[in-house]
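My questions all concern the structure below.
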């Protein structure tokens, strides 16, 4: 199939969580690029535009050029700074909303400058935790208006919304594939699409392959893919392929069937592992899954799924995996 | 607030599950009506139009008149008959789809005859279980086309789609509030709306109050409410109020705020209990919740939820419940 | 590894659930045996001793002999009859408890007569649904006493307790591997052990391989294995291998490592499928998993898991599956 | 009932998570004590013995005396330092295990010095993430041996094990009430007990009230209680009472019924709230629940739960809450 693979630059570095403030030593931007570049088959990076990255922006561009790793997407940082803790584009505070829109526009400008056509919005802090804490309609209205303003600001840059059921809020506003599609359709801008994070889809009891199909059916809105693995109950952000197998195969089928031409970006949290090696493993699994699906005949799959036959599906998957 | 309450007629009878084919003795239609009528504050019944009920249709109407229990909605039976086991309106078999559409039209005709303006479609068998078993786009297209045909058949009768994440299929097509809204908007008929089942919303990690708000925001599509309780991981269909408390209070607030004027229908499975008594309990809880919210000042709640203050929300809920 | 495989006799027949009372036509005992016998590599059947089966007991034994399918275990029917709806061995009614103990003893007698050394107790109705509904200590005491009485009745027959987090009750008394071990240790009979149902373990967020290890560590209590697959949130009872892959491989490793010598019994609910074909698929997957693990070097796995290396584990699993 | 309430000292301060390294400004030890002391009805604090706290130990003791807040328990820090990232008492590295045991003994010594009789072990990093990553038996053996060594070191100080299904590992070794009891029974020391964290119990689909009963039944091992609230799918560590209501009432009943005499310690993560105010809310809710249960007649509850009557339980809870 020949997909292009990327990784979130910060993934090959160090992680923290709510208990341990640093699982390993920090890495410089140069080291992060070197580590990513050492992974075969990666041809790009996605970058979260934190204040630290913004300060080293020239360096970032230089390392991108030096290593040949394209900047696939810039993710606006609407989630690491405490000022956005009660929401960014959906904040009840007009000044905070304005800062969130400003940060998005700045990301679009920087993206353009780096030959990167896509800005990712993952609105992690936009949601709520407690009952009776939020006005679900008004805050969503603000959110949509903010995204629209950014979309209109630069029609040459795509904005992709990344949905997730929860975390860090107990309830996110852009929660599921259905809700994300409603929002993007409401925004109604040509350059507004959706980023499907494989683990987020699983977390919401979606079958990611089906989510790809729905993104096709309701407006052809899939513009970016994040990939990782988890145990279905939480966004564990593990090495791709260490939990699921068959789901990834069906996912590749539907990516191909819906003619997805975008990037696939590894997005994981290797808390206790060497990040570079953990990402390398994900890439190896992805290539292995691609190879398996390259052996499969798409016409035969089309017939199979037209038959609504679970026993036939079982036999097909078994032979795909074990050739027996 | 003065909501009108109904119950699924079969709920005051006997239940079975996948292990036990009969938890108690069966009841006649007359007994079911008598049992429902014995519950104070109920003024209607919803009825699943199984073949058995269809055969006794005249009797059903007579008992409705005799007891004064209005027929609030007829639910098309697309889920108890094995012919629909691989899907009804989304079946890969054109003949089955045609039967499903026919059954829906028949329900609309009978509804009209019984002064009932609403037909409920709960497409429990429309979905899939296994990976590589289904064509997620084509089957959804068929489903939408079938609903649309029925909507156009009789614009005087509303059709409400009831969403549910899963069960009896491991994956349903009309799965979440977001997906249901996409479908209803795709169908685009004035008389097509959505039934929110409280337990289904919880099962999909929705906050039912927020789902009510979203149904308002994206087209004002809430036309019916089913109510019950569960432990959030499964559609346990328990007595209302025996698990959740505060969620029901916020739910009533948003029903009122969005000016919902429809019915609230108890829909539970009292496997091991006397169904009449279990439903009576649900009604008592619902009235108690209503009374609590009648004491609350909607302006104050509007201010509270405009403040995004979890501590304030906690204090408000505590005082609402304990007056202290 | 050469495990012996069995199937629950009723699995190759017809299913029902709480909506649909019959997904397909019923099968006679003779047909069920013929269907099971037509599946290669099956050498036994497990049988739920419902009243219907008990009535045809001579026929059952004759078909077992005719087909050469050994009776691996008899499961006492403490869950299909409404009299046990509020609990069997843990019932608050002494007469019901006595009937449950009697049924268990009868199953032991019939087992002995059929050269079957094992009786399975799955106490599906023993638990509760509502808060403030049950005395958690007293009912567990009754349960343990009942099992103990049965164990002492015939030390020549093993009794295995099958744990499950929930369903049909929202909360079961024998819920998890930890709780089952506490109970079996409390009962303290040599002939009392535990049946691990793979899907039940997954449902309780157990890693089944780890549960096997724990059953070894805390008294070597694993005496029977039921196998099927699910999406981790519910006991979907699907074809083995149609959801999980790697988990089954690690499961076989720990079965072998802990020297499990018992049977592996397919236990699934093929609601919409031909039961015979669905079970056949499960067996084919199981054999494929066994073959993969037969290629793996147990010493190398021992070293791997001694290293606490998630990247190494990923590489190992990838090579195991794809040889690349 | 008159329970004594405490709070984790760090809870009234600032939080971080895996995205945002600081949701608010840090607080000094003095400020933390002052904030805790400003909450009525709190008479103690629990303290995580991080390296920072250990360095300020004299100050801690002085503030405890000054404010009159007893030190209820010291929690050994086996989870914030990266050296324990692959496990502490269960580490495959003997040197790390030795450090973990040393830290536990140090905590016992400091506890004794501060008139605190209890050390809490929450082994958050002891577990695994990936399949084929761990030797489930050997690591548990090491864990149990380490706890035992600490227990024998100072029989005058209790050690309580706090169980949790997962997080930060995807799978914890001390996972559920059943597994914790197996471990504590295996360790077999008089001064070894269990800390029940209300939210952890909910996370594992336990009914916390039932867990209290089981801790009584299997050895009377409940020695400490942590309290907070969540949406049942994750350890959200929210304000007590903002999600659940009835569960807390039943919990108090079983605490009283099993004659629990220990402390109840608020343990929450008020990421976006003023920590002091959020903890104050939890305490207010707890007192309100106590008051409700003080009105209830324990004999009547004993009769109710002896009757296995879900409808009666519903009526009881409804009247308890609404007096109507």
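Letters are used for the chains, namely A, B, C and D, taken in the order the chains are written, and counting of residues starts over at 1 for each.
As a convention for this text, a residue touches a chain if its C-beta (ideal position, glycine included) is under 8 Å from a C-beta of that chain, and two chains touch if they have at least 3 such contacts.
Here's who's who by UniProt: A, B, C, D = Xylose isomerase.
This is a predicted model, so every value here is computed, not measured.
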Chains in simultaneous contact with chain A and chain B: C, D
Whole-Å gap between the CA centroids of chain B and chain C: 35
Between chain D and chain B, distance of the C-alpha-averaged centres to the nearest whole Å: 40
Residues within chain D bordering two or more other chains: 86, 129-131, 166, 205, 231, 233, 239, 242-243, 246, 272, 310, 313-314, 317
Category of the chain touch graph - line, ring, star, complete, other: complete
Chain A residues touching chain C - in the complex, by the definition given at the top: 205, 231-233, 239, 241-246, 270, 272-274, 277-278, 281, 284-285, 288, 291-292, 310-311, 313-315, 317-318, 321-322, 324
Interface residues, chain C side, partner chain B - complex: 15-24, 79-82, 85-86, 124-125, 129-131, 166-168, 170, 231, 233-234, 236, 238-239, 242-243, 269, 271-272
Complex interface listing, chain D residues touching chain C: 86-87, 92, 128-138, 140-141, 165-166, 171, 175-182, 186, 204-205, 207, 209-210, 213-214, 216-218, 246-247, 249-250, 253-254, 301-302, 304-310, 313-314, 316-317
